[in-house]
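Take a look at these structures.
Each of the two complexes below includes subunit A, the first together with subunit B, the second together with subunit C.
For the complex of A and B:
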C-alpha cells in the first residue's frame, strides 16, 4: 500500500517526476554502470577459465619437435639470411603514390617504412615456394594490392597445404607467419619456424584436417587478402586463390622477431571490431604453454601480472581499449569476421625458452585443434579476460554498458513525457504561440488531470526536432567520408579543421535555431526538449544495441556521452550567469568532442594523428572496421546536438 | 486343496532348485561400448580388452556380440593406424587380428541393443547379429560409455534407462534366453543402472556409485587420449593375471574382493539379491562360468537299452538299412521284369503291398503299455481328485 500511495503521490508531482527523478535515475545508472565494471575483477564476480570442449584434450600429447629439427631450423634460417645478405628487401611494399620523398623524411620511422619504395623482391616468395615444395607441400601464391588513404599496399602471399593423409579434405587449420610482425619487426625466426614445422608436420600421418602454412608479407593486409580470397569475397585488386582446402577451423600466428631466447608467450586474441576468438582456443593455448611446456602466458601486454585487483582491472581496461577501437591487433584478426578462431603467439622477454619450445607449443596446439570434431563452439565468444586464467562472461559484464546506454533512454523518455505537459514549476512558462496550437487535445484526459490538479496536456511540435536530429546524424557522413577518402597527408589538418568546425558549428546552428532555421515558425522551448529527447533516444538505442556486439565501444562512447544527459538549454537564470555557464559548458563539451579526444589520446600515447587516422582509414578500407561509423554517425551527432542546445542558451 | 497346493509348491521349489544347481551348457557375451568420437577412445579400448579376454578364455566369436560405435583404429587422428591399445606400453594391439565387430557405427543404438537381448529381430538379420542364447546359457553383458543417474548415453543422441535395461533382462528371462547373467558396467554413476533389475539369476556389478564419476586410468601421450578406465583396468588386471586358463577355479567372490577403492577412485558395487542363494551362492560361481566357454555335455551310458538309447538307435538303423536294401532289390526286379512283360506290373505291386508295419520285437512293449496306462490313470485320478476337492471346498 505504501508503494501504491508513493506512486500516486509521484503522479501528482510532475516536477518531481519529470525534472528531478530522471536526472537522479540517469545518474544512478551511470554510476552503477561504472561501479559494476570496477567490481568485475573481484573473485566473486569473475570465474576461472576452463576447457569446455571435451575434444580438445590440451597437452595430452607428447610433442616431438626438438633435437634434429633444430638443425633443419638452422639450415632454413641460413638460406633465408643468405637472401637478406644479398640485399633483397623483405617482401612488403607500401608505396605512396602522392608524396614526394622529402616530405617522407620528416615522418616518423614507421611512416618512413610505410612509404618505402625499395624494389620489391621476388626472391622471397620463390625461396619459400622451393622450400615448401621440397618438404612435400602443395604450394601456391597470391598477389594483392590495396589502396587506402593514398598509400598502396602490395604483397605476395605464399602458402602451402598439407593434405591430411587419412582425413577428408573438409576442414583445415591455418598456421601463419608474416614477414613483418604486428609491431613491424622482421619476423625471421617466426618464418623459419613455420617452414620447419611444415616439413615436420608433413611427416605425421595423424592429421584429420589439412594444415595450411601461410606466409604473408605483413601482418596487416596479407592475411586479410588471403582469407577474403579463401572465401571468394576479395576485391578486384586481390588475386583469387589457386589452391584451397576445407573449412578453416582455427588459425595460429607465429611471431619470433628477435634472436635471443624468450621468457614467456604473449597471446594476442583481439579481432577486428572487437570480435574475439572462442575462449577455448585461448584456454588451450594457455594450458599448453603454461601447463605442458612450462612457459608462462601473458595477455594484453601485462608483463608482470601479480593477480592483484589493480593488475586485473588494468588487463580488463586494456582489453576493452583494444576491443573498443576495433582495429586488427595482429595477423590473426583478419580471420575473426569469418568465424575462424585465431590467436597470435608472441615470444616475449629474456629467458631460456628457444624456438624449439615455441615449436613444441605450436605442435601441441595443432594436435589439440586436430582433435576437434566440430567448429569451436562450446565456450564463450564474449568475454573479458583479466588474467590468463580468469575471465568474466557477457552475462556478468553486459549490464554495465547496458545501464550506461539505458540512462540515455530513460532521459529521452522522461523528456518526451515532460514535453506533453505544462509544468507549473518548470522554469519556462508556456508562451502564447504554443497556447494557440494546443487546444485540440482537450478530452477527458485533461479533465482527469485537472481533477487531480495535474498539468494539462500539450501538443508536441515534431517537425523541426525530427528534421534537425535526422539531418545532423546524416551530417556525420561528411567526416566519415572525408577521413576515409582523403590522402593521408591531409589527415592532421583535417582533424584541426574539425576541431574548429566543432566550436563554430553548434553556435551557428543555435543561432539559426532560435528563429526556427528560417523555415519554421520561431522555436519554442518544448522543441529544445524534443530535440534532446530524440537525440538521446537514438543514442540510447544505438549504444544498447552496440553493447551486445562490441561491449567496450558502447561503454566508452556511453561514458564520453554521459554529460549529454544532463546538458540542455539553460533557462531562468540571469543573462550574465547564463552566458557564463553556457560558455563554460561549451568549452568543457568541446574538450569531449570526437576530434579533441582523438588529438588528446594521440598526444598522450605519443603517436601522430596521421598514423592513427591512416590506420583507421586502412581499417575501413581493408578490414571492414566499423568504429568510425559509430564515432561519426552516433557519437558526433549526439555531441553536436548537446552543444547546440547549450549554445542556444546564449541566443 | 491345501494338500495339492503344498504339493505344487514343493514341486516348484524342487524344479527351481534343480535349475539353479544345474550347470549351464553355453556361454554368450554381449560387449557394448556406447560412445563414439576420438576422445572416447578409452571406451572402445575397454570393450576390446574384455573382448580379447573372453576370447582367450574360450568363448568363440560366434557367441560374442561386439558393439563398437566408432572406429578408433581407422580414425585419422590415430598415431598408430589400424591399432587400438588399452595400455600406454602398447604391448597388445587389441585390433590386431580376428576381430569380429557385430554392430558397428550407427548400428549401435538403444533399439538394436534391446532387440538383440530380447531377440525381437527380423528373420533376415544374420546370425552374427543375434544373441542365440537359451535357457542353458550363461550370458555376460558388459557396457561402458558415458552415463548418469539411471541412464547410459548411446552415441551422443539417445540413452537407455535403468528400467529399459531391467525390462529387457526380464523379457530375456521370460523367453528363457539365459540361465545366469553377469552384468558389468563401467560408466559414471554406474551402480544406478542395475537398481531396477527384477528377473532372477542376475549378478550385477558396476564401477561407481550414485554421484560418483568413473575415472580413466591413464593416457597414452602418443595416442594423445586416455586409453582405459580405472575399474575396467583393474578387472582386466585380475582376469589377465589370475584367471590364466579356462579351467581356473577362481570364483566371482575373488574377482569382487579384488576391487580396491583406493585404486579405482570410486566405489564399485555388486548386487547379489536376484541370485538364488544370494551372495553366498553367487560368490561360488567361477569366473570362467561367465568369461569362459565351459560347454557341459551330458554323457550317456553306452550299455543302456532304454527307449532312445544308443543300442536301440543302432538296432533301429540296422532294421532300416535291411528294409531299404530289400526294397531296392524289389525295385530293381520290377525294372528288369517290366522290360519283359508289362502285364506283371500289378502282380508285383500287389506283392509290394504285403510289406506291412514291422512289429516291435523288443520285449519291453508290455512294460511301456503299462507305463502309459499308469500315466493316464494318474492323470485321471488327479482330475477326479481335483473335481472332488474343488467341490468339497466350494461346499
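For the complex of A and C:
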C-alpha cells in the first residue's frame, strides 16, 4: 500500500518525477556500473578458466623438439649473424618522406626512422628463402608499402608452407616471426627458432593442417599486409600472394629478442579494435606453458602477480585500456579481424628456460591446434582476464558498461517526457512560448489547439534541436579527417588548435543559438532540453552498441561523458551566480574534452602527442582501427553539446 | 503552374545530397548493396546484375536461381550503360526515381485526403505539413537514402504504390488501377492494397459526381482495369522470357514459398530456418494468411479513411512481409507525416523511434559480430530484427490508436480531450 501511494504521490509531483528522479536514477546507474566493475575481481564473480574445446587436448603429447635440434638452431643463428656482421641492415624500415636529409641529420632522435632506400637490403629475404627451400618448404615473398601521416613503411614478407601429409590443404596454422618485435627489438632468436621449427616440423608426418611460417620485417605492418593479401583484400601498394594454403585456423607469433635464458612466457592477446582471440587458444597456451613445460605464464605485463584483489583489478584495467584504445599490440593483432585466433608468445625475465623450451611449447601448441576438427568457437570471445587462470565472461561484465550507457538513455527519455508535460507541472505559465512550433504558427488558434489536444501534451519544436545535433555530429568528421590525413609533424600544433577551438566554439554556438542560429525563430527553453535529450539519446545509443563490440572503449567513453547527464542550461539563479557557475562548469568540462584528455594522458605516460597521433593515423590507415571515429563522432559532439548548453546560460 | 520554391529547394537539396554522398564515398553504394538490411533476394541490385548478365547473353535470367525479380526490369536496365564501368547513369536514374516518388508523395499531401475524406474529417486539420515538408521528410530519411544508394529495386514498387495513391486521390482512377497493377506485378504484395485504393477512387468519384454512383459497375470496371494491366504486364514478360511458368515460379513462386532464407530485417527467415520441413507448408499458409488478413480487417474497420488503410497496411507489410527491407520501413515512415494531425494523439513515438534507432545501430553491429568477427551467432542478429519489428509494431499500433481516437472524437464531440480509461 505504501508503494502504491508513493507512486500516486509521484504522479502528482511532476517536479520530482521529471527533475529529481532522473538525476538520481542516472547517478545510481553510473555508480552501480563502476562498482560492478570493481566487484569483478572477487572470487564470487569471476571464474577459473577451462578448456572448452575437447579436441585441443593441451599438453597431452610429448614434445620432441630437443637435443640435436639445438645444433640446427645454432647453425641457423650463425648464418644470420653472419649477415648482420657483414653490415646488412636488419629489415623493417620506416622512411620519413617529408624530411630532407640535412634536416634528418640534425634530428638524432629521428635517425631510427631514417632509412636509405638505396641500401635497402635484399639479403635477409634471400637468406630466409634459401634456408626454407633447403628445409623442403614451398617459399614465396611479398613486398608491401604503406603510407600514413607522411611516413612510408615498406618491407618484404617471406613465408613458407609445409603441406600437411595428412591434410587436404584446406586448413592451415600460421607461425609468425617478425624481425622486429612489438617493442622494436631485433628478434634474432625468434626468427632462428621459427626456421629451426620449420625444418623440424617438415619431417613430421602427423600434421593434418598446413603450417605456414611467416617472416615479416616488423610487427606493425608486415602481418597486416600478408593477412590482407591472403584474403585478397589488400590495397594496391601491397603485392598479392603467389602461394596460398587453406583457411587459417590459428596463428602464433614467436618473439625472443635477447640472448639470455628466460623465466616466464608473456602471452599477448589483444587484437585491433579490442577484438580478442577465442579464450581456448589463450587457455591452451597457458596450460601448455605452465602445466606441461613448467614455465610460468604472464599477461598484461604483470610480472609479479600475487593474485591479490589489487593485482587482479590492475590486470583487468590494463587489459581494458589496451582493448579500449584498440591498437595492435603485436604481430598477432592483424589476424583478429579475419576471425583467426592469434596470440604472441614473449619470453620474459631472467631464468633457466632456453629457446628449446620455447620451441617445445610452440610444438605442443601446434599439435593442439592440429587436433582441431572445427574452427575455435566453443569458448568465449568476450572476456576480461585478471590472471592467467581467471576470467569474467561477457554476461558478467557487460552490465557495467550497459548501465553507464543506459544512464544517458534514461536521462534522454526523462527530458523528452519533461518537455511534453511542462504544462501540467506549471499550469499558470503562459502557453504561447511553447506553442509557436507549427511551421505555420497561428497564434489565434493556439488556445483552440490547447483545448482540442486535451491532455496536457505539449507540441515539441523539433527542427532546431534535430538540425543542431545532427550538424554537430557531422562536424566531428572535420577533426577525424584532419588527424588522419595531415603529415605527422603538424599533429602537435593541430591538437593545441583543437584545445583552443574547444574553448571558443561552444561559446560561439551558444551565442548563435540564443537567436536560433539565424534560421529559426528564437529559441525557447524547451528546445534546450530537447537538444540535450537528443544528444544524450544518441550518446546512449552509440555507447550501448559499442559495448557489444568493444566493451572497454564504451566504458571509458561512458565514464568520461558521465557529467554530461547532469549539466544543462542553468536557470532560475541570480545572474552573477549563474555566470560564475557556468564559467566554472565550462572550465571543468574543458578539462574533460577529448584533446585535453589526450594531452593529459600523453603527459602522464611520458609519450609525445605526435607519436600517439601518428600511431593512431597508422592504425586508421593500415589496421582499420576505428577508435578515432568513436572519439570524434560520438564523444566530441556529445561533449560539445554539453558545453553549448552550459555556455548558453551566459547568454 | 507556379513553381513552389520550397519544393524545388527540397528536391534539389535531396539530389545534391545523394550526388555528394556518391562522390565523397565512391564505395558506399556497393557497401550498401551488400547489406542484408537493404538488399533482400527480391530487390537486390546485385542479383539484378546477375539476371541482366544472363539476359543480355540470351540465357534465361532465371537459370542461375539467383534472380527473382520481374522480367520487365531487364530490358529497362539493359538500356543503361554497364554499371561496373559507368556507375553514375544508374545512380542518377535511381535518384530520379526517388524524386518522382517524393513528388507523388507531395501530391498526396497537397490533396488533403489525409485530413478530410468523403466520410471523415479530422479534428485537428490545422496541424499539417505541406507537400514540401512531407517530401523532405521522405527524401532526407536515412533509410530512403540508403535504399536509393543501394539501388534496390523496391523503389519501383514504392513508385507504383505512391502513384496509385496519388492518382486515386486526384481522381485519375484508371491510372491508379494501372499503377497498383504495376506494383503488384513487381512485388506481388501490393495486390493487397487493391481494395483500399479502389475505395479511395470510389470515394473521390462518389463525392464529385452529381448522381449516385453505380457501385457494382464501378467495382467491376476497376477490377477489370487492374486485372487487365496485370495480364498485359505478364504477357509482355512472357514475351521477354519466353517461358511463362519458369518466370512465374521464379518470381511469384519465390515470393509465396520463401525458399531463400538469407537473413533480413523481417521475421520469417529465422522462423523457417528453425522449422521442420513437414510443418513448412502449414506455417507458410499461416504466415501468409496472417499478413493478408490485415487487409480485410483494416479495410472493414477504417472504411471511412481509405488513405489511412493504405498507410497502416504499408506498416503491416514492412513488419510481416517475407522479405522486408528498410525500404519498406522508409515507405511507411514517409506516409506518417501525412497524418501530422494525429501526432498529438500518439503516445509512444519517442519509444518507438528509440527502438528503431537502437536496432538500426545494433543490427549492423550484431551482424558484424555474427558474420565477420565470428564471435556472435545468428541469434544476435535475429534478436535485433525482433526489436526492429517491435519498434515498428509499437509505432503502427500507436498510429492506429491515434487514427481510431480521431474517428471516435468525431463521433463523440463531447468526449474531446478526455483521457482514455480502460473500463
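Note that in this section the second predicted complex is superposed on the first by the 595 of 651 C-alpha atoms of A that agree within 3 Å, B and C clash if a C-alpha of one lies under 4 Å from a C-alpha of the other, contacts with A are read in each partner's own complex, and residues count from 1 in each chain.
By definition in this document, a residue touches a chain if its C-beta (ideal position, glycine included) is under 8 Å from a C-beta of that chain, and two chains touch if they have at least 3 such contacts.
This is a predicted model, so every value here is computed, not measured.
**Q** With the two structures laid over each other on chain A, which partner does A:371 touch: subunit B (first), subunit C (second), both, or neither?
**A** first
**Q** Compare subunit B and subunit C by how many residues of subunit A each one touches, and report the one with more.
**A** If we count touched residues of subunit A for both partners, the winner is C.
**Q** Thinking of the overlay built on chain A, is A:548 touched by subunit B (first), by subunit C (second), by both, or by neither?
**A** Once the two structures are laid over each other on A, A:548 reaches subunit C alone.
**Q** Touching A:397 in the superposition: subunit B (first), subunit C (second), both, neither?
**A** Neither partner.
**Q** Name the contact category of A:167: first (subunit B only), second (subunit C only), both, or neither.
**A** first
**Q** Of the two partner chains, subunit B (first) and subunit C (second), which one does A:76 touch, if any: first, second, both, or neither?
**A** Neither: A:76 stays clear of subunit B and subunit C.
**Q** In the overlay, answer first, second, both or neither for which of subunit B and subunit C A:256 touches.
**A** Touch partners of A:256: none, neither subunit B nor subunit C.
**Q** Would you sort A:639 into first (subunit B), second (subunit C), both or neither based on which partner it touches?
**A** In the superposition, A:639 contacts neither subunit B nor subunit C.
**Q** With both complexes superposed on chain A, which partner does A:60 reach: first (subunit B), second (subunit C), both or neither?
**A** first
**Q** Using the superposition described at the top, list the residues of subunit A that contact subunit B and also contact subunit C.
**A** The overlap between the subunit B and subunit C interfaces on subunit A is empty, containing no residue.
**Q** If you look only at subunit B, which of its residues touch subunit A in the complex?
**A** Per the stated touch rule, the residues are 37-39, 74-79, 81, 219, 221-222, 224-226.
**Q** Along subunit A, where are the residues that touch subunit B in the complex?
**A** Contacts found on subunit A: 54-55, 57, 60-62, 164-167, 204-208, 367, 370-371, 373.
**Q** Spell out the part of subunit A that touches subunit C in their complex, as residue ranges.
**A** Interface residues on the subunit A side: 275, 337, 339, 375, 377, 381-382, 409, 413, 416-417, 438-439, 442, 445, 449, 451-455, 457, 459, 537-538, 541-542, 544-545, 548-549.
**Q** Which part of subunit C faces subunit A closely enough to touch in the complex?
**A** Listed in rising order, the residues are 123-124, 126-127, 129-130, 133, 344, 350-351, 354, 357-358, 361-362, 365-366, 368-369, 372-376, 416-419.
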